[in-house]
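The same chain A turns up in both complexes below, where it pairs with chain B and then with chain C.
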Partner chain A sequence: MAEVTLKGVAKSYGRTPAVREFDLDIADEEFVVFVGPSGCGKSTTLRMIAGLEDITGGEIRIGDRVVNDLPPRDRNISMVFQNYALYPHMTVRENQAFGLRLAGRAKEEIARKVARASGILGLDPYLERRPAALSGGQRQRVAMGRAIVRDPDVFLFDEPLSNLDAKLRGQMRTEIKKLHEKVRTTVIYVTHDQVEAMTLADRIVVMRDGRIEQVGTPEEVYHRPVSDFVASFIGSPPMNLLEGRIVAEGDAPAVALSGGPVLPLGPGHARLPAGASVTLGLRPEAIAPQGMAGPMRRPFAFEADITLVEPLGGEALIFLALGDREMTARVFRPPARLAPARGVQFLVDLAEASVFDGGTGRRLGDDGAN
Partner chain B sequence: MRAVTGTALWLVRLLYLAFALFPLLWLLRIALTPDEILYREGTTLWPSRTTLANFAYVIEESPFPVFFANTIVVALGTAAAVTLLAAGIGYAFSRFRFRGKSALMVFLVITQLFPIVMVITPLYQLLAPIGLVDTRIGLILVFTAFNLPFAAFLMHSFYEGIPAELEQAAMIDGCTRFQALVRIVLPLMLPGIGATVGFVFTAAWSELLFSLMLITSESKKTFAVGLLGFVGKSGVDWGQMMAAATLALIPPAIFFTLIQKYLVGGLTAGAVKA
Partner chain C sequence: MSLAADNPATGRSPGTFRRRLRAAEPYGYVAPGLLVVALVMLVPLAVGISFSFQNYVIFRPASRGWSGFENYAEIWSDRTFWLALSNTAKWTFWSVAFQLGLGLGLALILNKPFFGRAVFQSLVFLPWAVPTFLSGLNWQWLYNPLVSPLPAALAAVGVLDEPRNILSDPDLALWGPITAMIWWGVPFFAITLLAALRSIPSDLYEAAAIDGATPWQAFRHITVPFLLPMITITILLRTVWVANSPELIFVMTEGGPANSSQTLPNYVFTSAYSSMNFGYASALATVLMVMLVIYSVLLLWVRGRLGR
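For the complex of A and B:
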């Protein structure tokens, strides 16, 4: 059980910075997910917390200890690697017991802890097998078993599910979540899969180029992304990002999409100067053909062509062309007659709109008053 | 179709075996042929009469037992020294980042480009003043120096086959780096160590050029140099030479039988998802 605190943590390889000025407070028992595109420094940050990578600046605390100069073995952490890193010459039982044996624990204690972990993870039938004789999913479980037997202060996961097929990935995701309910321990979990991030995290840390782009609950990150980068990274299909210009429309501002309609903004965006170039962000589920839309706070009607429909069973993705741009809408319980068509009436809930600076991509306005 | 490819495969294997083993058969044939009929019977696959006289002579009367003992000492000494050093060098190359690493690796390759004859004279002049000419230690030193680069590369490639995450997992589990090395890497490196030891031992066992140049006393000769002793002024004593050569095959054969179980790879399978 421990908090983890990173203060101005930085890492460079030679002259290339991999992680810069990383500040984060992780609460005890919190499940934090680092997410971001490939190469943004997620693994590097995790490995610095583990002690597998020296830090070039800043301070890392686990509990009340500064661990900057402690070797991995003195940090009381466990880590699950993307490739599992099971000891190939040891059985499943030995793999799990290895850390406890090193720590010189009593035989009975080791047996009890291994039995408990194996029970939780359903490993009992495989205890005497070597990793080579296990499936990918089973190996994954052994790696988790090896991590939990040691009752660490912090669990570190580096893309633990990315080597599994989609179905197994979904199952293991649920299991990891359940596991966290059972063994309440601080978890830091790295992934580039935003679905994993959304479903598992208490808080999501979105990273970009070695920096934190946004920290927040899944809801915050989803509904109030701080930048068009976060907006396009979180959510699937991603948020529709439409370029436009602020125009004054009476006393409230509006966004004139280039070659498209003028969409009035809420009072939260009242201070945006006319002429400013912006990017308007609309979640696919905030858009729907008239008649299929749920309740909306500030609906706005427009006409567009449906170019393609992707039915997904309980929901459907509708691709629509508005002037020269493409948007995606997501509707739930789609009717069977949904098909490409011209001049369809759509509704969009502008209360759900995000506005980003056209140049910097930063979020503009105070959405509270949207 | 399957049966046909199976049979064809066996034929190819047999052919290869025959090709590889024929010289050995010939060696044995000449060693077992009595001197007086060696030339008289001409080229037959097997002589009409065989004798162990050549072997008896080599073992009981010639200085070959001493040559063998010398060769075993030198080959084992070299194999041990090279393997230990190569294990360290290969590990450093595989696991650490350091300045000049790639230049150093290139340099190691370059040392392999020079023909050995080029360096014999300078080497002699280097070893003579410090009293290492005509000693077995001197020979071990020279062999070690010459086998080390390739052995280091061999070890390096075996280390590369062991994911660094295994050691990292062990270090998180409570190992020091050294413990991780001994408890995780070492068991997985056995095939690599076996291959390196085998390679170096064989190379040292049959080395001729350095031994010929650096060893002068009869009591310190290796068997490869000793074999040349059968080439006399009046001709070559083929029977005795081949008997000695046949005997020289035995120690490496025993040696490989001992290490062969470590040569079998596949232990690392299952460490990580391929």
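For the complex of A and C:
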């Protein structure tokens, strides 16, 4: 039961800054995911919260305690490591009981808590086995069991699924989500996988070069990315980013794509000056061939060539050439006849478009009125 | 229904001989190696053991002949043997115990990063490179009050009542070679234990720290269990080597004064090359070997139980 507050937290190795001015308030029972490319400082931030790294500046609070200088054992946290970090010389039962045993808890209490955690995670058949005799997914579960038994204030997960194969990763993702529903505790979860971030998080923290790029719910981060970096990082396949220039068309501005059509923007972008260089962001599912498109709020028709089709069963990715640039469209329940072709009519929903500054990559305009 | 196993023409399973031949093939490749090992190790061993059942004194060739267990009976009633045996136990135990303690300490220090670690590390490993005879001579001089400040220093801190040579004191003489052996053998423990320490994944310590372990508890529950197999095997090796090595004692005290620092290997050596009694020396050596084999089997059994 605890909030976690980070105020101006910074970390540098010698002169190299790893994390700068990190401000974040995490609510009790909230599931927060730090996501970003490798080297963005997300793991370092997590390890600073855990107490495994010293902080160079700022303040970390867990509950109402400032924990800056407390060793990990006094912070009442648990952590699940990327390589599980199970004690290889102890059985599954002993691994889970280790922390309680160190704390000098009564035997019955330890037995009860281990039984509860093992029950939640389905570890009962393996209690007397050593980690070496377990599969990757089972080890992952033991690591989580070891984290649960201690009733911590905060759970920390450091890329816990990255050593699992794709299918198991999906299963464990669901289990972590269910686990959080059962054991309502504050969770801070680090991953480089945007799918994990989208599916697990109450709030996503997108990091880049040691700074927070955006904090928001998965919907906010997905639909209203604050920069072209977030737009390209969240979502798979990533958002189409098209360079263009603002032109005036009638009373509203429009984006002229180089070598392509002119796309009218909504009233939310009315104040953009003509001639400004911008990047237009379009989600692949906002684009579809005519006849396959779902309902659109502000459809715009254009003609393009289909260069490649990747069928995925329930959906298909269509790669299209528009002028000299490539775009990806995603359609659902695709017909079998979908194949490369020239001069196909497409529709794009411009209500879904994001506009970023061509220089800084920051989001432009208030498209609430789109 | 395997086609390869049944031969419909003859009605019996074919190639039993060929299959046996194929199974024997690897042994043919190993045979030359085994032969060399047998020639250079097993044959001398058998010859040595056969000496122990003979009356074999070099300068009395006429009296050579089989004597049954006579040499062993003589050992049983030989007071020097029993003294040498207890000295060997003392010499081995204290040498290995201090080497283990100091070697483990050094390994733990060297496992932490600090300024100048590389230099310090090579300095620590230096004694191992010094020939035993040379270090024996050095330590002999170190204990000589005429040329070395060490006896005066020992007297100043109260270990000795006056600056004198402990190598000529029957009560303390064995401690001279023991200190030399400790100095010489610590690097071996430090090297092997440092290697074992470096193989412990660091995230285990992080997991333990988060689980609430103090540094001492992490050492007790992570480091020790990981080191234990290496520690037992190193103790085993060093015990056998130390128990078997006469050089330092031969150089520093020659087992004296008055056999007060006599150990079994040194006694074997002096029996063979001073008294020229090869039969008796071989019997002594066989007794030492049997005891070390029993010790090794016991220790390996204990290690097997621990590593379960």
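Here are some notes:
Operating definition for what follows: the second predicted complex is superposed on the first by the 370 of 370 C-alpha atoms of A that agree within 3 Å, B and C clash if a C-alpha of one lies under 4 Å from a C-alpha of the other, contacts with A are read in each partner's own complex, and residues count from 1 in each chain.
Assume a residue touches a chain if its C-beta (ideal position, glycine included) is under 8 Å from a C-beta of that chain, and two chains touch if they have at least 3 such contacts.
Everything numeric here is computed off the predicted structure, so don't read it as measured data.
Following the overlay on chain A, a clash is recorded for the pair chain B and chain C. By the touch criterion defined above, A:Phe302 lies against neither chain B nor chain C after alignment on the C-alpha atoms of chain A. Once chain A of one complex is fitted onto chain A of the other, the partner contacts of A:Arg130 are limited to chain B, with no touch recorded for chain C.
Taking chain A as the reference chain, the count of touched residues is higher for B when chain B and chain C are set side by side. In the superposition on chain A, contact of A:Arg139 is made with chain B only, not with chain C.
Contact with both chain B and chain C is seen for A:Pro72 once the two complexes are overlaid on the shared chain. Looking at chain A, you'll find residues 50-52, 71-73, 77-79, 81, 83, 85-87, 89, 98-99, 102-103, 146, 150 touch chain B in one structure and chain C in the other. Considering their complex, residues 201, 203-204, 206-214, 217, 221-222, 225-226 of chain C touch chain A. Those residues of chain A that touch chain B in the complex are listed here as 50-52, 71-73, 75, 77-79, 81, 83-89, 98-99, 102-103, 130-134, 136, 139, 146, 150, 163. The touching residues of chain A, counted against chain C in their complex, run 50-52, 71-73, 77-79, 81, 83, 85-87, 89, 98-99, 102-103, 146, 150. Those residues of chain B that touch chain A in the shared complex are 163, 165-166, 168-176, 179, 184, 187-188, 267-273.
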